[in-house]
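Written out below as C-alpha coordinates is the structure these notes cover.
Should a chain be cited, it is by its letter among A, B and C, assigned in written order, with residues numbered from 1 in that chain.
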Amino acid sequence: MWFQKELQLKPRPRGFHLITDEIILGINELKNFKVGLANLFIKHTSASLTINENASPDVRVDLESYFNKYVPENASFYEHTTEGPDDMPAHIKASLMGASLNIPIKDGRLNLGTWQGVYLCEHRNHGGSRKIVVTISGETYE
Amino acid sequence: MWFQKELQLKPRPRGFHLITDEIILGINELKNFKVGLANLFIKHTSASLTINENASPDVRVDLESYFNKYVPENASFYEHTTEGPDDMPAHIKASLMGASLNIPIKDGRLNLGTWQGVYLCEHRNHGGSRKIVVTISGETYE
Amino acid sequence: MWFQKELQLKPRPRGFHLITDEIILGINELKNFKVGLANLFIKHTSASLTINENASPDVRVDLESYFNKYVPENASFYEHTTEGPDDMPAHIKASLMGASLNIPIKDGRLNLGTWQGVYLCEHRNHGGSRKIVVTISGETYE
(Lines give C-alpha, C1' and ligand atoms only; values in the text may rest on other atoms or scores of the structure.)
Protein backbone atom coordinates (compact mmCIF):
# COMPACT_ATOMS: atom_id res chain seq x y z
CA MET A 1 0.00 0.00 0.00
CA TRP A 2 1.46 3.33 -1.12
CA PHE A 3 0.69 6.92 -0.33
CA GLN A 4 2.41 10.11 -1.46
CA LYS A 5 1.66 13.73 -0.70
CA GLU A 6 3.45 17.05 -0.97
CA LEU A 7 3.32 19.27 2.09
CA GLN A 8 4.04 22.98 1.98
CA LEU A 9 5.56 24.05 5.29
CA LYS A 10 4.92 27.49 6.69
CA PRO A 11 7.96 29.78 6.19
CA ARG A 12 10.47 29.86 9.02
CA PRO A 13 13.52 31.98 9.77
CA ARG A 14 17.06 30.62 9.47
CA GLY A 15 17.70 28.04 12.15
CA PHE A 16 16.63 24.59 13.36
CA HIS A 17 12.89 24.08 13.87
CA LEU A 18 10.85 21.27 15.37
CA ILE A 19 8.20 20.32 12.80
CA THR A 20 6.97 16.91 14.00
CA ASP A 21 3.46 18.18 14.70
CA GLU A 22 3.14 20.05 11.42
CA ILE A 23 4.18 16.91 9.52
CA ILE A 24 1.82 14.61 11.41
CA LEU A 25 -1.12 17.00 11.00
CA GLY A 26 -0.43 16.96 7.26
CA ILE A 27 -0.57 13.17 6.91
CA ASN A 28 -3.85 12.02 8.34
CA GLU A 29 -3.42 8.80 6.33
CA LEU A 30 -0.61 7.71 8.68
CA LYS A 31 -3.14 6.23 11.12
CA ASN A 32 -4.14 3.62 8.50
CA PHE A 33 -0.72 1.96 8.50
CA LYS A 34 -0.13 -0.89 10.96
CA VAL A 35 3.52 -1.19 9.98
CA GLY A 36 5.61 0.63 7.39
CA LEU A 37 8.04 3.39 6.60
CA ALA A 38 7.60 7.10 6.06
CA ASN A 39 10.04 8.89 3.79
CA LEU A 40 10.21 12.67 4.21
CA PHE A 41 12.02 14.33 1.31
CA ILE A 42 12.74 18.05 1.12
CA LYS A 43 12.75 19.37 -2.46
CA HIS A 44 15.44 22.00 -1.87
CA THR A 45 19.23 22.23 -1.76
CA SER A 46 19.58 24.99 0.85
CA ALA A 47 17.50 23.44 3.62
CA SER A 48 17.60 19.96 5.11
CA LEU A 49 15.89 17.54 7.48
CA THR A 50 17.25 15.87 10.57
CA ILE A 51 16.07 14.08 13.70
CA ASN A 52 17.11 15.42 17.07
CA GLU A 53 15.99 16.21 20.60
CA ASN A 54 12.36 17.32 20.90
CA ALA A 55 12.57 18.86 24.38
CA SER A 56 15.15 21.59 25.12
CA PRO A 57 14.96 24.46 22.61
CA ASP A 58 18.59 25.29 23.39
CA VAL A 59 19.68 22.19 21.48
CA ARG A 60 18.27 23.81 18.35
CA VAL A 61 20.03 27.09 19.15
CA ASP A 62 23.35 25.31 19.64
CA LEU A 63 22.97 23.35 16.40
CA GLU A 64 22.52 26.62 14.52
CA SER A 65 25.57 28.13 16.29
CA TYR A 66 27.68 25.07 15.58
CA PHE A 67 26.91 24.90 11.88
CA ASN A 68 27.41 28.65 11.44
CA LYS A 69 30.86 28.36 12.99
CA TYR A 70 32.00 25.23 11.14
CA VAL A 71 30.40 26.10 7.81
CA PRO A 72 31.26 29.79 7.69
CA GLU A 73 29.93 32.48 5.40
CA ASN A 74 32.37 34.34 3.16
CA ALA A 75 35.11 31.69 3.21
CA SER A 76 37.91 32.92 0.97
CA PHE A 77 37.80 29.77 -1.16
CA TYR A 78 34.11 30.01 -2.16
CA GLU A 79 33.55 30.59 -5.88
CA HIS A 80 29.75 30.34 -5.72
CA THR A 81 29.03 33.77 -4.23
CA THR A 82 26.47 35.44 -6.50
CA GLU A 83 23.41 34.26 -4.56
CA GLY A 84 24.46 35.87 -1.27
CA PRO A 85 26.78 34.95 1.63
CA ASP A 86 24.24 32.51 3.12
CA ASP A 87 23.85 30.46 -0.09
CA MET A 88 27.01 28.36 -0.40
CA PRO A 89 27.07 27.52 3.35
CA ALA A 90 23.43 26.45 2.93
CA HIS A 91 24.39 23.98 0.19
CA ILE A 92 27.19 22.53 2.35
CA LYS A 93 24.91 22.18 5.38
CA ALA A 94 22.29 20.52 3.17
CA SER A 95 24.77 17.81 2.20
CA LEU A 96 25.99 17.37 5.77
CA MET A 97 22.47 16.80 7.09
CA GLY A 98 20.76 15.33 4.04
CA ALA A 99 17.52 15.78 2.11
CA SER A 100 15.50 12.89 3.47
CA LEU A 101 14.49 10.94 6.56
CA ASN A 102 13.15 7.41 6.76
CA ILE A 103 11.10 6.77 9.85
CA PRO A 104 9.51 3.46 10.84
CA ILE A 105 5.75 3.33 11.33
CA LYS A 106 4.10 1.15 13.97
CA ASP A 107 0.41 0.99 14.93
CA GLY A 108 -0.57 4.06 12.92
CA ARG A 109 2.16 6.30 14.34
CA LEU A 110 5.74 7.32 13.67
CA ASN A 111 7.87 4.91 15.71
CA LEU A 112 10.20 7.60 17.09
CA GLY A 113 12.16 7.42 20.33
CA THR A 114 10.83 9.31 23.34
CA TRP A 115 13.13 12.28 22.78
CA GLN A 116 13.17 12.33 18.99
CA GLY A 117 11.56 14.99 16.85
CA VAL A 118 11.72 15.94 13.17
CA TYR A 119 13.63 19.16 12.43
CA LEU A 120 13.49 21.47 9.48
CA CYS A 121 16.99 22.92 9.10
CA GLU A 122 16.47 26.25 7.36
CA HIS A 123 19.87 27.38 6.13
CA ARG A 124 18.85 30.51 4.21
CA ASN A 125 18.05 33.89 5.74
CA HIS A 126 14.83 34.09 3.72
CA GLY A 127 14.13 30.54 2.55
CA GLY A 128 10.39 30.98 2.28
CA SER A 129 7.94 28.11 2.34
CA ARG A 130 9.60 24.72 1.87
CA LYS A 131 8.10 21.67 0.15
CA ILE A 132 8.35 18.18 1.60
CA VAL A 133 7.24 15.04 -0.22
CA VAL A 134 5.94 12.43 2.20
CA THR A 135 5.91 8.88 0.84
CA ILE A 136 4.46 6.12 3.00
CA SER A 137 4.46 2.43 2.26
CA GLY A 138 3.36 -0.39 4.49
CA GLU A 139 0.60 -2.69 5.59
CA THR A 140 -2.73 -1.04 6.29
CA TYR A 141 -5.49 -2.17 8.62
CA GLU A 142 -8.06 -3.92 6.44
CA MET B 1 5.77 -8.25 2.79
CA TRP B 2 6.65 -6.30 5.93
CA PHE B 3 8.59 -7.10 9.06
CA GLN B 4 9.48 -4.87 12.00
CA LYS B 5 11.41 -5.63 15.15
CA GLU B 6 13.11 -3.66 17.89
CA LEU B 7 16.62 -4.77 18.81
CA GLN B 8 18.29 -3.84 22.08
CA LEU B 9 22.03 -3.56 21.52
CA LYS B 10 24.47 -4.45 24.24
CA PRO B 11 25.93 -1.32 25.87
CA ARG B 12 29.16 -0.02 24.40
CA PRO B 13 31.63 2.67 25.41
CA ARG B 14 31.89 5.98 23.58
CA GLY B 15 33.31 5.45 20.10
CA PHE B 16 32.59 3.80 16.76
CA HIS B 17 31.63 0.11 16.88
CA LEU B 18 31.13 -2.51 14.19
CA ILE B 19 27.71 -4.09 14.82
CA THR B 20 26.93 -5.85 11.55
CA ASP B 21 26.98 -9.30 13.15
CA GLU B 22 24.85 -8.29 16.12
CA ILE B 23 22.24 -6.82 13.76
CA ILE B 24 22.17 -9.84 11.47
CA LEU B 25 21.90 -12.28 14.38
CA GLY B 26 18.89 -10.28 15.58
CA ILE B 27 16.98 -10.52 12.30
CA ASN B 28 16.71 -14.15 11.42
CA GLU B 29 13.78 -13.22 9.14
CA LEU B 30 16.21 -11.53 6.72
CA LYS B 31 16.89 -14.86 4.99
CA ASN B 32 13.25 -15.00 3.80
CA PHE B 33 13.62 -11.91 1.59
CA LYS B 34 14.71 -12.45 -2.01
CA VAL B 35 14.89 -8.71 -2.69
CA GLY B 36 14.06 -5.72 -0.51
CA LEU B 37 15.30 -3.01 1.79
CA ALA B 38 16.26 -3.01 5.44
CA ASN B 39 15.82 0.22 7.41
CA LEU B 40 17.80 0.45 10.64
CA PHE B 41 16.57 3.30 12.84
CA ILE B 42 18.19 4.25 16.13
CA LYS B 43 15.68 5.64 18.65
CA HIS B 44 18.10 8.09 20.27
CA THR B 45 19.47 11.59 19.67
CA SER B 46 22.95 11.14 21.13
CA ALA B 47 24.04 8.10 19.12
CA SER B 48 23.90 7.43 15.41
CA LEU B 49 24.39 4.83 12.69
CA THR B 50 26.75 4.86 9.75
CA ILE B 51 28.31 2.53 7.22
CA ASN B 52 32.08 2.35 6.98
CA GLU B 53 35.08 0.07 6.61
CA ASN B 54 34.67 -3.34 8.25
CA ALA B 55 38.35 -4.34 8.32
CA SER B 56 40.92 -2.02 10.00
CA PRO B 57 39.91 -1.13 13.56
CA ASP B 58 42.06 2.01 13.30
CA VAL B 59 39.44 3.54 10.96
CA ARG B 60 37.02 3.47 13.88
CA VAL B 61 39.61 5.00 16.20
CA ASP B 62 40.30 7.80 13.71
CA LEU B 63 36.61 8.52 13.21
CA GLU B 64 36.24 8.98 16.97
CA SER B 65 39.31 11.26 17.06
CA TYR B 66 38.08 13.30 14.12
CA PHE B 67 34.60 13.91 15.50
CA ASN B 68 35.95 14.77 18.94
CA LYS B 69 38.22 17.39 17.41
CA TYR B 70 35.69 18.94 15.03
CA VAL B 71 32.69 18.72 17.37
CA PRO B 72 34.42 19.78 20.59
CA GLU B 73 33.17 19.54 24.13
CA ASN B 74 32.78 22.75 26.15
CA ALA B 75 32.56 25.12 23.17
CA SER B 76 32.02 28.62 24.54
CA PHE B 77 28.82 29.09 22.52
CA TYR B 78 26.95 26.03 23.84
CA GLU B 79 23.86 26.89 25.86
CA HIS B 80 22.71 23.29 26.35
CA THR B 81 25.20 22.29 29.06
CA THR B 82 23.16 20.85 31.93
CA GLU B 83 23.39 17.22 30.78
CA GLY B 84 27.19 17.09 30.80
CA PRO B 85 29.98 18.14 28.42
CA ASP B 86 29.46 15.11 26.17
CA ASP B 87 25.75 15.78 25.57
CA MET B 88 25.59 18.70 23.14
CA PRO B 89 28.46 17.34 20.99
CA ALA B 90 26.53 14.04 20.91
CA HIS B 91 23.46 15.78 19.48
CA ILE B 92 25.56 17.50 16.80
CA LYS B 93 27.31 14.26 15.83
CA ALA B 94 23.91 12.52 15.67
CA SER B 95 22.71 15.02 13.07
CA LEU B 96 25.95 14.83 11.10
CA MET B 97 25.77 11.04 10.82
CA GLY B 98 22.02 10.45 10.95
CA ALA B 99 19.56 8.19 12.74
CA SER B 100 18.89 5.64 10.04
CA LEU B 101 20.40 3.47 7.33
CA ASN B 102 18.69 1.93 4.33
CA ILE B 103 20.45 -1.15 3.04
CA PRO B 104 19.41 -3.18 0.00
CA ILE B 105 18.61 -6.87 0.46
CA LYS B 106 19.45 -9.50 -2.14
CA ASP B 107 19.05 -13.28 -1.89
CA GLY B 108 18.30 -13.26 1.84
CA ARG B 109 21.32 -11.12 2.79
CA LEU B 110 22.26 -7.46 3.21
CA ASN B 111 23.69 -6.41 -0.15
CA LEU B 112 26.70 -4.57 1.30
CA GLY B 113 29.98 -3.94 -0.47
CA THR B 114 32.95 -6.14 0.41
CA TRP B 115 34.42 -3.63 2.85
CA GLN B 116 31.22 -2.22 4.28
CA GLY B 117 29.98 -2.76 7.80
CA VAL B 118 27.29 -1.21 9.99
CA TYR B 119 28.60 1.02 12.78
CA LEU B 120 26.99 2.12 16.01
CA CYS B 121 28.36 5.59 16.74
CA GLU B 122 28.09 5.94 20.52
CA HIS B 123 28.56 9.61 21.31
CA ARG B 124 27.90 9.56 25.07
CA ASN B 125 30.38 8.46 27.72
CA HIS B 126 27.73 6.24 29.31
CA GLY B 127 25.04 5.80 26.66
CA GLY B 128 23.84 2.44 27.93
CA SER B 129 21.95 -0.04 25.79
CA ARG B 130 20.64 1.47 22.54
CA LYS B 131 17.44 0.51 20.74
CA ILE B 132 17.30 0.00 16.98
CA VAL B 133 14.09 -0.55 15.04
CA VAL B 134 14.66 -2.79 12.03
CA THR B 135 12.00 -2.54 9.33
CA ILE B 136 12.26 -4.83 6.34
CA SER B 137 10.08 -4.79 3.26
CA GLY B 138 10.47 -6.80 0.10
CA GLU B 139 9.59 -9.93 -1.82
CA THR B 140 9.86 -13.17 0.10
CA TYR B 141 10.50 -16.65 -1.22
CA GLU B 142 7.13 -18.36 -1.47
CA MET C 1 6.48 -4.44 -6.91
CA TRP C 2 10.25 -4.64 -6.46
CA PHE C 3 13.20 -4.02 -8.74
CA GLN C 4 16.91 -4.15 -7.98
CA LYS C 5 19.89 -3.55 -10.24
CA GLU C 6 23.59 -2.85 -9.80
CA LEU C 7 24.99 0.02 -11.88
CA GLN C 8 28.68 0.44 -12.57
CA LEU C 9 29.46 4.13 -12.88
CA LYS C 10 32.17 5.35 -15.19
CA PRO C 11 35.33 6.30 -13.25
CA ARG C 12 35.60 9.94 -12.18
CA PRO C 13 38.36 12.03 -10.62
CA ARG C 14 38.26 13.15 -7.00
CA GLY C 15 35.49 15.68 -6.47
CA PHE C 16 31.72 16.12 -6.60
CA HIS C 17 30.00 14.97 -9.79
CA LEU C 18 26.45 15.32 -11.07
CA ILE C 19 25.29 11.81 -12.04
CA THR C 20 21.50 12.19 -12.27
CA ASP C 21 21.44 11.43 -15.99
CA GLU C 22 23.76 8.43 -15.74
CA ILE C 23 21.55 6.95 -13.01
CA ILE C 24 18.30 7.55 -14.90
CA LEU C 25 19.69 6.09 -18.11
CA GLY C 26 20.62 2.99 -16.13
CA ILE C 27 17.15 2.37 -14.75
CA ASN C 28 14.77 2.22 -17.67
CA GLU C 29 12.31 0.39 -15.38
CA LEU C 30 11.68 3.63 -13.45
CA LYS C 31 9.03 4.69 -15.96
CA ASN C 32 6.84 1.73 -14.90
CA PHE C 33 6.34 3.07 -11.36
CA LYS C 34 3.38 5.37 -10.75
CA VAL C 35 4.42 6.00 -7.14
CA GLY C 36 7.28 4.64 -5.07
CA LEU C 37 10.76 5.10 -3.71
CA ALA C 38 14.19 4.66 -5.25
CA ASN C 39 17.06 3.73 -2.97
CA LEU C 40 20.55 4.41 -4.36
CA PHE C 41 23.23 2.64 -2.34
CA ILE C 42 26.95 2.99 -3.02
CA LYS C 43 28.91 -0.17 -2.18
CA HIS C 44 32.05 1.65 -1.05
CA THR C 45 33.43 3.34 2.06
CA SER C 46 35.56 6.02 0.41
CA ALA C 47 32.91 7.58 -1.84
CA SER C 48 29.40 8.76 -1.04
CA LEU C 49 26.15 10.04 -2.49
CA THR C 50 24.39 13.32 -1.86
CA ILE C 51 21.72 15.55 -3.38
CA ASN C 52 22.60 19.12 -4.20
CA GLU C 53 22.26 21.91 -6.75
CA ASN C 54 22.13 20.73 -10.37
CA ALA C 55 22.90 24.05 -12.04
CA SER C 56 26.08 25.97 -11.10
CA PRO C 57 29.19 23.78 -11.39
CA ASP C 58 30.94 26.07 -8.88
CA VAL C 59 28.78 24.59 -6.10
CA ARG C 60 30.49 21.27 -6.74
CA VAL C 61 33.92 22.93 -6.74
CA ASP C 62 33.18 24.66 -3.42
CA LEU C 63 31.91 21.44 -1.83
CA GLU C 64 35.19 19.75 -2.72
CA SER C 65 37.17 22.73 -1.32
CA TYR C 66 35.12 22.77 1.87
CA PHE C 67 35.48 19.08 2.63
CA ASN C 68 39.21 19.13 1.86
CA LYS C 69 39.70 21.95 4.34
CA TYR C 70 37.51 20.56 7.13
CA VAL C 71 38.51 16.91 6.67
CA PRO C 72 42.23 17.40 6.11
CA GLU C 73 44.78 14.94 4.84
CA ASN C 74 47.70 14.05 7.09
CA ALA C 75 46.09 15.06 10.37
CA SER C 76 48.56 14.27 13.13
CA PHE C 77 46.05 12.08 14.96
CA TYR C 78 45.33 9.67 12.09
CA GLU C 79 46.45 6.10 12.77
CA HIS C 80 45.01 4.65 9.55
CA THR C 81 47.68 5.90 7.14
CA THR C 82 48.92 2.87 5.17
CA GLU C 83 46.48 3.28 2.26
CA GLY C 84 47.61 6.81 1.38
CA PRO C 85 46.87 10.34 2.62
CA ASP C 86 43.52 10.50 0.82
CA ASP C 87 42.15 7.29 2.40
CA MET C 88 41.25 8.20 5.98
CA PRO C 89 39.71 11.57 4.95
CA ALA C 90 37.69 9.62 2.39
CA HIS C 91 36.25 7.38 5.12
CA ILE C 92 35.32 10.40 7.24
CA LYS C 93 33.68 12.19 4.31
CA ALA C 94 31.77 8.99 3.48
CA SER C 95 30.21 8.96 6.95
CA LEU C 96 29.44 12.70 6.84
CA MET C 97 27.56 12.39 3.55
CA GLY C 98 26.29 8.82 3.73
CA ALA C 99 26.12 5.74 1.54
CA SER C 100 22.54 5.95 0.35
CA LEU C 101 19.77 8.21 -0.94
CA ASN C 102 16.03 7.62 -0.87
CA ILE C 103 14.19 9.54 -3.54
CA PRO C 104 10.42 9.57 -4.04
CA ILE C 105 9.02 8.43 -7.40
CA LYS C 106 5.96 10.01 -9.00
CA ASP C 107 4.49 9.32 -12.44
CA GLY C 108 7.45 7.26 -13.62
CA ARG C 109 10.09 9.84 -12.66
CA LEU C 110 12.27 10.79 -9.70
CA ASN C 111 10.26 13.41 -7.79
CA LEU C 112 13.19 15.77 -7.28
CA GLY C 113 12.97 19.52 -6.73
CA THR C 114 13.71 21.82 -9.66
CA TRP C 115 17.29 22.45 -8.59
CA GLN C 116 18.13 19.02 -7.16
CA GLY C 117 20.53 16.57 -8.71
CA VAL C 118 22.22 13.36 -7.57
CA TYR C 119 25.94 13.70 -6.84
CA LEU C 120 28.66 11.10 -6.69
CA CYS C 121 31.15 12.32 -4.10
CA GLU C 122 34.44 10.71 -5.12
CA HIS C 123 36.79 11.08 -2.17
CA ARG C 124 39.78 9.09 -3.48
CA ASN C 125 42.36 10.36 -5.96
CA HIS C 126 41.95 7.21 -8.01
CA GLY C 127 38.70 5.62 -6.91
CA GLY C 128 38.02 3.86 -10.18
CA SER C 129 34.58 2.71 -11.25
CA ARG C 130 32.03 2.77 -8.41
CA LYS C 131 29.09 0.39 -7.95
CA ILE C 132 25.62 1.61 -7.00
CA VAL C 133 22.74 -0.71 -6.13
CA VAL C 134 19.41 0.79 -7.17
CA THR C 135 16.38 -0.68 -5.40
CA ILE C 136 12.94 0.50 -6.44
CA SER C 137 9.65 -0.39 -4.81
CA GLY C 138 6.23 1.01 -5.54
CA GLU C 139 3.02 0.70 -7.48
CA THR C 140 3.38 0.04 -11.17
CA TYR C 141 1.01 0.92 -13.99
CA GLU C 142 -0.94 -2.25 -14.77
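Following the convention adopted for this analysis, a contact is a pair of C-beta atoms (placed from the backbone, for glycine too) under 8 Å apart; a residue touches a chain by one contact, two chains touch by 3 or more.
The structure presented is a predicted model; accordingly, all values stated were derived computationally and were not measured.
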Report task. Name the graph shape formed by the protein chains and their touching pairs; answer line, ring, star, complete or other. Result -> complete
Query raised in the report: Between copies chain A and chain B, are the contact residues mostly the same numbers or mostly different, with half as the line?
Result: different
Query - Angle of the C-alpha superposing rotation, chain B to chain C, to the nearest 5 degrees - result: 120
Query - Centre-of-Cα separation between chain B and chain A, whole angstrom - result: 20
Query - Of all residues in chain B, the ones touching two or more other chains - result: 70, 96, 98, 102, 137
Query raised in the report: In the complex formed with chain A, which residues of chain C make contact?
Result: 35-37, 50-53, 56, 58-59, 61-63, 65-66, 69-70, 96-98, 101-104, 106, 111-116, 119, 137-139
Query - In the complex with chain B, residue positions of chain C that touch it - result: 2, 4, 39, 41-45, 70-71, 75, 77-80, 88, 91-92, 94-96, 98-100, 102, 131, 133, 135, 137
